[in-house]
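Here come two complexes built around subunit A, the first alongside subunit B, the second alongside subunit C.
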Partner chain A sequence: MSHHKEYLLKVDDLSIVYTGEDDKVKAVDQLSLGLKEGESLGIIGESGSGKSSLALAIMGLIKDGEVQGKITYQEEDILAASAKRLKEIRWQKIALVFQNSLEVLNPVLTIGEQIKEPLRRNAQYSAQELEERVIELLELVGLNPDWRDSYPHNLSGGMRQRVLLAMALSCEPELLIIDEPTTGLDPVTKDEILQLLKKLQQRMDFSMIMISHDIGSIKELTSRVMTMYCGQVVEVGLTDKVLRDPFHPYTRGLLNSSPNLFKYKDLWGIEGEAKPGEGCAFSSRCCQSGANCFGARPPLEYVAVERRVACHKGGIEEFLEARNIKKTYQLKDKEITAVKEVSLKIKSGEVVALVGKSGSGKSTLAHSIAGVLDVDEGEVYYRGEQVTDNWATKMIGGMQIIFQDPSSSTSSRMKLLDVVKEPLEIIKWEDREQRKAKAIDCLKKVQLPTTEAFLNRYCHALSGGQRQRVAIARALVTEPKLLIADEITSMLDPSTQANLLRKLKGLQNQEGFSMLYITHDLHLARKIADKVCVMNEGEIVERGVSFEILENPKHIYTQKLLTKAFKGLI
Partner chain B sequence: MELHLKIKSAINAFKKFSLSGKLGLILILLILLMAIFAPWLSPHPHQRSSGSALIPPDSEHILGTDDLGIDLWAQITNGARISLLVGFGTALLAAVGGGIMGIVAAYKGGLIDKILMRLIDIMMVMPDLPVMILLAAFFGPSLFNIILVLAIFSWIRPARIVRSQVLMLKEQSYIKSAESYGAKSWYLIRKHFLPEVSPLLAVSIIRLSSRAIVAEAGLSFLGLGDPTSRSWGLIIHHALNFQGIYYTSFWRWWLLYPWLALTILTVSLAFIGRDLERIVDPRLGN
Partner chain C sequence: MKKVRGMRVIEYLLTVLVIVTLNFALPRAMPGDPFLVLSDVEEEAAVLTEEQRQYYFELYGLDRPMHKQYLSYLGDLLRGDLGHSIYYNESVTTIILRRLPWTLFLVISTVILRTIIGSLLGSISAWCRGNFFDQFLFFNLITISEIPAFITGLLILFVFSAMLGLFPLAGAMSHFTTYSNWWDKLLDILHHAFLPIVTLTLARLGGIYLLARNSVVSVIQKDYLLTAQAKGLSKGRILLWHILRNAMLPIVTRTFLSLGSLVGGAILVENVFNYPGLGLLMQEAVNVHDYTLIQGIFLVVALFVLIANLMADLIYKHFDPRIESNEEATA
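The block that comes next holds the complex of A and B.
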């Protein structure tokens, strides 16, 4: 493999506008990308985000649209190339594997004939040579050559995909563009196709652009990935890193909707419809959009090594950063270090599960972060500003903590309504009526009755689960952006627990609400967590994306914890 | 409707008391009524002579008269006002003051707590009666000074009880939550600590008032009371100052009735105090 500094393919400021009868549709909007030789680039995005249009434009196949910008392939301008030259470039230099469907293949020709077609067009072969080449190609893509005399409708979806691949590879192209190679295939066939592509790329050494909804295929086959939204690039980076830690809210939304990344996690689609406008195209659906997001289009800028993001806020916001938190308890004759220099980051719209056995320092860490416990060393930053004097917890839309023990987290002597609206009373928010209305609203969220008689009940007359929910309602009343939840569901029955967690997850996806979820219930953590930190003896021994930690733990303690936790699975 | 509910809850509260407690409550209520309606209850004035000196109880003077011919029933009804005022006044002052000191010491901790605890230690080892006599003599005999002096020696108990209670309370997470919402010390004291310790303070008040009433009687007995406001202690003091009272039969009314009133009051308070303690802290049981 040769390493050229220059790009094999370069797209600059490409725009494609389809002119319909009534309106113009911008399929690709000032898009730029570069692909080096031997590289494989994945393009992800929802349907209609312009992925296929981009592929067609690179092939020079846009017929009824207005194309602006520049596409350079090996220093040759594709958009300016003549039709004859384009035909040469196609198949020989760049080949496209079309999205798999019956219409792509000609129903009245045998597949052998169809594979011969590009061969015949691009080189001089004798009939004998052609036949040999077809057999060779079919063997290459793992299809029995006997099928060459069959018609497309005789073949299964997986077989047709192989035929399309054979056609694309017939002239040994330098760049292969694959559009949705695995759509509609069963898992076994899908895996076979992916393995085949992997093997072929190694053997034939072509560069590749792969367009797919399927994050699993992208993860398997590409080294870099690009997220497209409304014809624009919103994030580019190394596949491994992007999938593990997306920086753009849209990329994260796509990952959260993908079932094959982590099979236990809940699925959450992205709310709303695409509405490209003046400002950031994603702003109407974004969970962290602010006033300045609607003004201008954000440029694609570097935010980390090999990572560019188009976002006015520089990607997903960081809500919480705890640096080197250390807490020691003084006992009579000894010192116990409960938390040893722990650092932690939580981004907007992220659920971080802090797991570990009891006594590992989880609660101490949580209390230190929330500021209810004075730390020996370390600082806490909320949205980039250092937290002093509890400023982050005494505001609307700040940080809140929910304590583990419901009987101690609410006063038995107080009435339920007074407990729930206490934060509002303390920060003197609005007037009495509004405080009450808001408290009732939050009680509904946690599924408690809101009759006058119930509101006037004293907390000591409530059950543990009810009191826990009262405490949760009290935390929600200030509309926190970050919730530190210390074993909040341990007192709840499974149904209430499920409902509450779904509500919190809903908030997370709609409003960018994030949560530090402290638990020893790994089943729950597996269901809701985006990231996992494993704590043992005051240290975070392992941290990372939940699918990696919970599927494939590296640290011996995590392995032990997981085997014990999931041993009793029914 | 509201009033109806309140009466109902009052009756329910009354039912929680034991037989002796109920008796105590009724007696206290009677003494209170006696103090309130003192001028109307006795036909004779309590400061002027209204008959011959040292008449034994008869239909005119139901409890007899003293050496100056002042009606004893009138003196006792009016003396109830003084005794109750001193008792409850001292108790309230000591309980509220001590309570707030206890809360502040426990909640703020550190130096304030240390200073307060040492102060309590000093007050505890100080012999209270001699110092009280000294102080009462120093400040001069007035009702207010008596209350003040008694309160100075009474706040220690409530302060200690409240301090230990608040030390426990401030570790509760609802206090921590309130702090994290930005609650100031005054808010916490007003909304959380005081309501939480008020039952304990109520018990203290009952205990302290009984102690204060006896102490006031003691001070009066020693001649340190306010001579213008004749409390029960002062009546006893006067009676005992009558030379050779035990050789006569005068003590049968002059000494007996104020003593009886004092005893009934303190015993009733003790009964109530014991029951209240049980009701406030169910763990004590019965």
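The block that comes next holds the complex of A and C.
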């Protein structure tokens, strides 16, 4: 860090507009980036987010489009370079590994010819030397040199990827841009290609830009990552930090859609379609967009060290923050500390599983956060405001808690409908009819009947599972943004449990609903949790992203817990 | 692989057999017989007597059973004997061999010219697709190729030979001339052949032009062209090795496949220019109902088309490496 390295590649305010027959498509929109020598940058984003256009623009290869802004490579302006100079830069300095398809190779030339073709420009090579170089390159990428006389259609997808790589490396470029190196490959080949790229980068020491929607490859190969959406950069940061804790809702959406990151969790794609407009491009699909998101485009700003995010809300909102919660119970002459100075944060659209065995203080912590219990020490903030009284639970879109024992929230002497709509009655929401309609709506969500006869039943006449569902419906009636769920599904049959959890996850994905999910069932936690906090004896002993905690626990207690829970399975 | 080739050979042999059989059967299926017409040549009602008919039937072997006639026909063919022309009283093979070179000369010159010119214009059109020059070429070439060859031929003959007197009106060589050297002879031949070749070329240019234009346009949009550009290759290399090398494939096939229909076109044009090729011979043979001769011409033309097909097959394989493995896959 002692001396400042100049940027190898710098892109400033780059915009690319494709001018079609009748419409214009903005592929890249005021994008800036900097790449230092030896660095490897990953670019992630859905198809059509402008990743490949950016790659082509860097090589000066945009044809039917208007390109604005500046691309500087080693202090040379690429967009202003002459055709002759561009030819010298291409492949000699910057090479591109095209996205693998049969179409990117010329069908009538042998692969050997296509690999040595760029070398022919240097007159100093004799035919013999060219041939030797091809053999050397093919060996380098792990392909039998005998294949050099074959045609592209003779090769499998994985072999073709190696050929594309050999071709790109032929002139020993300083910067290698790799477009989707692993799409369409089987897991074994994919891993081989990734390992090969890693090895080659170490050996040949090129800088790298890797475009991929495969988060696994990005994680493996890059040190920094950039998320692109609608041609804009929405998040930039260090790869492990970003993947562990994304700040932009779009980045998180991408991670949640990645099967190889969360092995056991359900996959959730990002809802909606891209509709770039005046304001934040992602606002139409964002689960936390508010009024000010539609007005202007958010600037890319630093929100943490080495982390920039383009979001009007400074990234994913923090719904809940509990600071140093301490709770002691007074027994006859003994004092038992159930929760020892625990802090906890929950972001919008996040499911945090609080796991631990019975008596570890999970419920006490939950109740303290919800304000059901008075804490000895510590504060709780809901969306940035300190929770005093019950304001956060007495509003639409606030915080709600569901208790383990449904009888605590569903009085036996009340009729079912009244129980469900009671929270609305308390806050005097709208009129009677609407309250009833809302209650019925929530009952449907938890798969309970909604006939008049059923609605007029008393709660004591319900089964345990039904009563639990009534309690959940009661909590959902105020459309909470944060749900504290204390073992809510333990009394449900597996099918109802599965349906309910999916419903809650759906809400999370669409509306940014978040949940503190207290459970001792690690199987369930593994299915639904984004983050996991492990509690033991009143303390959170380990916390982090679910794919790390549940895959590779560090704390001995967590390890013990996991071995016990998954004994029969793993 | 071997098996596939074997199949191909059998396919071609079967086709030849079918053609030969049709050629044998068709005239025999027609009402009447050659001697009725022969006696009617001068439009005099000089009907042969029954004895004379009998004599001719025996002379030409037409009295033998069908299968024997067929077998001896096949035997003759194998020996290169196409029969005896009734009208010219000469071996059909000799007549055809005398006329064939002229037609081949026309057809081959045309093929070469129009493939080169058509591909060139098509490539230029594709290169500047959408602008004025492209539209101009497109409109004119399509219009010209829609006009039947004999009309173009007549027009050209009228303007350049009759009005301007730049080219001879008929024939393939000047009559009663002795050439001092081969160069003069060649010039004379070219002078005679020029207008027929131009006519045929014009009539056939549109197809190749369109094909070349589409082919180049589609190649230009291929991903591998972007690859070639990204590799920083020179313009010449991109044009030759990446564009033309690929765009050529359909043109080559079309060129060979169209040889057959070009012979058909040549027949019409030869008649317009009174050019002594197979076409003119065919017209003469039809006029005098010389069945043996007609049969012989048909057979030669059919074989020619077949050979052109075979060449297309073989050459395409050489140019497109994907073909072989497709065959392997289907075998």
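Please note the rule applied: the second predicted complex is superposed on the first by the 563 of 570 C-alpha atoms of A that agree within 3 Å, B and C clash if a C-alpha of one lies under 4 Å from a C-alpha of the other, contacts with A are read in each partner's own complex, and residues count from 1 in each chain.
The working rule: a contact is a pair of C-beta atoms (placed from the backbone, for glycine too) under 8 Å apart; a residue touches a chain by one contact, two chains touch by 3 or more.
All figures in this text were calculated on a predicted structure; none of them were measured in a lab.
When both complexes are superposed on subunit A, subunit B and subunit C end up sitting side by side without clashing. In the superposed model, A:394 lies in contact with subunit B only, and not with subunit C. In the overlay built on the shared chain, the residue A:426 is in contact with subunit B alone; subunit C does not reach it.
Once the two complexes are overlaid on the shared chain, A:403 sits against subunit B while remaining clear of subunit C. By the document's definition of touching, of the two partners only subunit B reaches A:413; subunit C does not. With both structures placed on the common chain, the touch criterion links A:490 to neither subunit B nor subunit C. When the shared chain is aligned, subunit C comes close enough to touch A:121, but subunit B does not.
Of all Cα pairs linking subunit B with subunit C in the superposition, the shortest spans 63 Å. Contacts of subunit A with subunit B, set against its contacts with subunit C after fitting on chain A, share not one residue.
Within the complex formed with subunit B, the residues of subunit A that make contact are 367, 370-372, 390, 393-394, 400-401, 403-405, 408-411, 413, 419, 422-423, 426-427, 471, 474, 478. Put simply, subunit C touches subunit A in their complex at residues 222-224, 226-234, 237, 241-242, 245-246, 249, 319-322, 325.
Within the complex formed with subunit A, the subunit B residues making contact are 172-174, 176-183, 187, 192, 195-196. Across the complex, subunit A meets subunit C through its residues 56, 59, 61, 86-92, 95-96, 98, 101, 103-110, 117-118, 120-121, 151, 153-154, 167.
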